[in-house]
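Got some structures for you, see below.
There are two complexes below, and they share subunit A, which is joined by subunit B in the first and by subunit C in the second.
Up next is the complex of A and B:
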């Protein structure tokens, strides 16, 4: 699992930011999910995922994003995705996930 | 309320789904009709959508509400012929109904559905249709559908699709599961997309985000991704290119043909191959954002396709189903027994099996009926919302009270009464209730009340809708009806109030003074009535001006099986529904003459003090009334009919009977007797004369064929136990056929009268000026003369009537009380009465009825000499005239003469106990005019106190019987028990003398009974009593000596 780690930061005033690195695949998707779940455990409505250090997401990884979005939606919050590379941004656009959550540079 | 909510949602889903089920067929048929719309069909669609909208709003299903609202608007425009249901419009509607169906199937998630596109599509469809001059080949947004019928992609540019076709591309919808189809092959989503791009153009895509769960649950096992692809590859090799299973690829269009190539306007069957292709294809449509399913497309290709009725579904409680199963089991057992008995050819036991089958069948019938029964609350529950919204729109305040939600009705009826009830509730708010400030001005609470009550009564379900609003003015209705040429002004004049109010049910009659938004949309009251009557129910209106209106609906519990009485007429059996039967009466031949009267052309029956119009069934049906002289004898015309018919020439009935030589041969041993069924048709009650009565049966109602529609006397037909067909009589229809009219309020008045008979007074009603109503007690009037204007002479400022060789002084009311002058044209009436030994006539310009009125008069509103007070009679304020006071104002000298002459009784003192101010005033003025001294008290207590006290001696006590605190009888007992007072004569005054009263009075010690207001009798009785007991004053004196000084 050297190719995947997660940095998370959470302050009282700001929405939690999760910054995974490496690849998000079937192998670590559940770990990723658990990390997000932990960040949202205190009932936060918004969450930012910083993808600056991610270079590959597979279908199950993608599923985590969808699930995360649905979770926040149910709380009335928003998912924001930052720093995706061109490939990933293209993916989000093509499969129209950018219509569901915010994809920023 | 919360559990209600769940129940409501459940019932909403069922209803909405049912409503939507047949809607497409109807929409398409509507499109086929084009500008020549079938209003009933449009209404049907409108109602389905409308009820969805209403309930959705109530349940807070905003998205469903918004969409159905927009659809309703469009349908309303179509209904009002403001919009032709063209392709675009109909497709917008169909697409809307598709989405509605989806939302309804997931009610809880429906609020999350975005309906804005559909709403916009509906709006633009209307616009596009309304202004046909749009740009040539505009780009349309269309929906691409899955073969399963679901919408795959919404709002795709038609131009773009056509461009792809022009580039020789096929159009596909591809659904891929990113996890199972893509990841399992070791591809990342980006890699998969690269593969897609390699062989196709991605026109649109969609990733399913619903149903994936949350972060707290396991990750989803699939992630569906849907693409709209344009590709040179056909469906057969595209899945290979993409590395997907073949069932993931759904072809939409070939380069040669797309579903948007007006697939629905080319009914000609194309080549077989193309047909199959089309059938398999998902279809999109050539109009702004609309689409149709293939099946419907096929339907619409047959313009005259008969609308297919949606199979209605029903929710049935498990307990009822269990019960049905048990009963079915019982039935099987009984059948087995029957088979066994039949096989053994034994008679024994067949009775018990028959009993058993009878029992089980009855239970089974009941259980099956139960499955159709639904609480009426499912309909009534909607009205809270209706009332809330309406009162906002109308700026009125209204509280709605609903009672009887649990009352159950047949499902068919429940469904059918929704619209009529809604209309009635709307009416109650719109026309019934006044605005808050107007209510306050009338002294009512600003918040109006509408009560909806459902209850069982007489085997029927009654639903009443009562408001406490302004009521309906029958005069206004008449005026309006005359204006609208519904009735002539002559008819209007002869119309009773009840009839006038029933005018609101006349087709083409709008009750609203102005058609408001609220009332304008709905159906008229005539439609309400028609709909209710179609269900075998009746509607009735009760209204009191200023106090409110009550609409009463009576509905049968069920339509299918009803109890009925079988009657004979012309040798045939007819069935008369029991619900219409109030009672059965048999009038013996010997009583026919005394009980049945002929008024003009109509027969009436004297029934317990009221007159009941009679209808001969044979006459109504146009068949001869016959009897069979002997079982083998020939049929002869029934002489009974002839008897009654001949009665108007005055021939005595007995003679008729004698002439009727055949009577002793009649099958009917009580020859000449009449069998009368007292039938109820709404407010109307009449007697139906039939040839004979048979038993009562439960009959299964079969509708009559269309060719029998004209027969308003018949409601249907049934097959009797003996296999014969019997017609079912329509009680309302018969009354209409025979021109019977609903009675005026007299019956109810009479009932009220019986209640407080003690306080009634018979008065002559009249009008002085056209608009002012008066009444005088008839007891004072000796006769009424009809005179001509020229018979009146004016002598010395007073009017005199020359009549019977004498001069009768005339009084005109307007000279003595505040009244507008009455005009006398040509002739008038004069009421002649006796006051202070003089005969006087009161000029009566417009004579009215003689009525019994309550003597509890309002003495505050009109307080002047000559008027006792006022009361409301038939909604008109009527002043009761004090003739003696009026005469005193005119001829004061007569009274002085009477008093001065002291025709004997000077110094005689009478104590009067009477609780009615009216009678008290009246009697006091009689006695004064005769020269007696009177001390009047308003109850026995007061009179008793007076008698106990010292004061001038009392010579006679006059007392009413019914009084508060101490009654007349009690007062009499006390007087007769007191040794000092017992010699004082006690006269009881009463308006009605009954035997029981007399007996009680005698026991109490009443010396004489007198009828109230009979002045002459009263005076003479007093004089006789006081004068007869050993000289006028001796007796008086001795009585005084005994009574006068008790201390």
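Up next is the complex of A and C:
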């Protein structure tokens, strides 16, 4: 199993991008949530999560996306998920989260 | 504890109730799926395994060595059967199968299993779960609106 790690980048002009890698699960959901909160701490309204290096997300991992979406929604901003492969796009679709934030290839 | 026993149709694992051991079980299953020649949806099977074990770890009694979880993985010509049993008090799983507020903090585990499994059944006590995934089975269903 691939180790879990997170890379984040933020600039003055662009929305922060968080790029986790591996599998987002109950075991590392808190770490993932903390990485997102760190990027949102300065009041960012928009955030992108790049899933290009993620192969699976469990129910606890999905809950972190929901919390992030709710935070951004309250600020009038949006969450964008990109880099999702067919399996992950299917996961966001069947659980209906793609009706609440954008999930892109 | 993570004790693996090979069976005629697959393998059994008796494991401690620990989150990190779910990764180990997933890794073991992923290895076996590599040599499986049927057309099983590996992603769906991994979701089923992880959610079944996660539910057992989080709700199946005290976490740790004294509350072991039994996993049985059985391959056959038509697919795969996963059985997960814990020592917890059980619960009314039907009540939680299709009832999910999409933006709720939690409660996605059982609906996810219902979506990805072709068959899903808890025993009457609610602490022994059997999941069936057929090779060439139907794709994942979509959660019904509540």
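The rule is simple: the second predicted complex is superposed on the first by the 103 of 105 C-alpha atoms of A that agree within 3 Å, B and C clash if a C-alpha of one lies under 4 Å from a C-alpha of the other, contacts with A are read in each partner's own complex, and residues count from 1 in each chain.
Following the convention adopted for this analysis, a contact is a pair of C-beta atoms (placed from the backbone, for glycine too) under 8 Å apart; a residue touches a chain by one contact, two chains touch by 3 or more.
Just so it is clear, the structure is predicted and the values come from calculations on it, not from any experiment.
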Exercise for the section: Would you sort A:33 into first (subunit B), second (subunit C), both or neither based on which partner it touches? Expected result: first
Practice task
Would you check which partner chain A:62 touches, where first means subunit B only, second means subunit C only, and both and neither mean what they say?
Solution key: both
Exercise for the section: Quick one: classify A:71 as touching subunit B (first), subunit C (second), both or neither. Expected result: first
Problem - subunit B versus subunit C as contact partner of A:21, first or second or both or neither - result: neither
Practice task
Kindly list the residues of subunit A that each of subunit B and subunit C touches, one partner per complex.
Solution key: 26, 56, 58-60, 62-63, 66-67, 69-70, 87, 90-91, 94-97, 100
Fill in the blank from the handout: In the complex, subunit A touches subunit C at residues 1, 23, 25-27, 56, 58-60, 62-63, 66-67, 69-70, 87, 90-91, 93-97, 99-100
Practice task
Using the touch rule from the top, collect the residues of subunit C that touch subunit A in their complex.
Solution key: 19-20, 22-23, 26-27, 30, 43, 46-47, 50-51, 54, 57-58, 100, 102-106, 108-109, 111-112, 115-116, 140-143, 145
Problem - Complex contact set, residues of subunit A against subunit B - result: 26, 29-30, 33, 36-37, 40, 56-60, 62-64, 66-71, 74, 87-88, 90-91, 94-97, 100
Exercise for the section: Would you pull the subunit B residues touching subunit A in the complex into a rising list? Expected result: 178-179, 182-183, 188-190, 193, 202, 205-207, 209-210, 212-216, 219-220, 223, 225
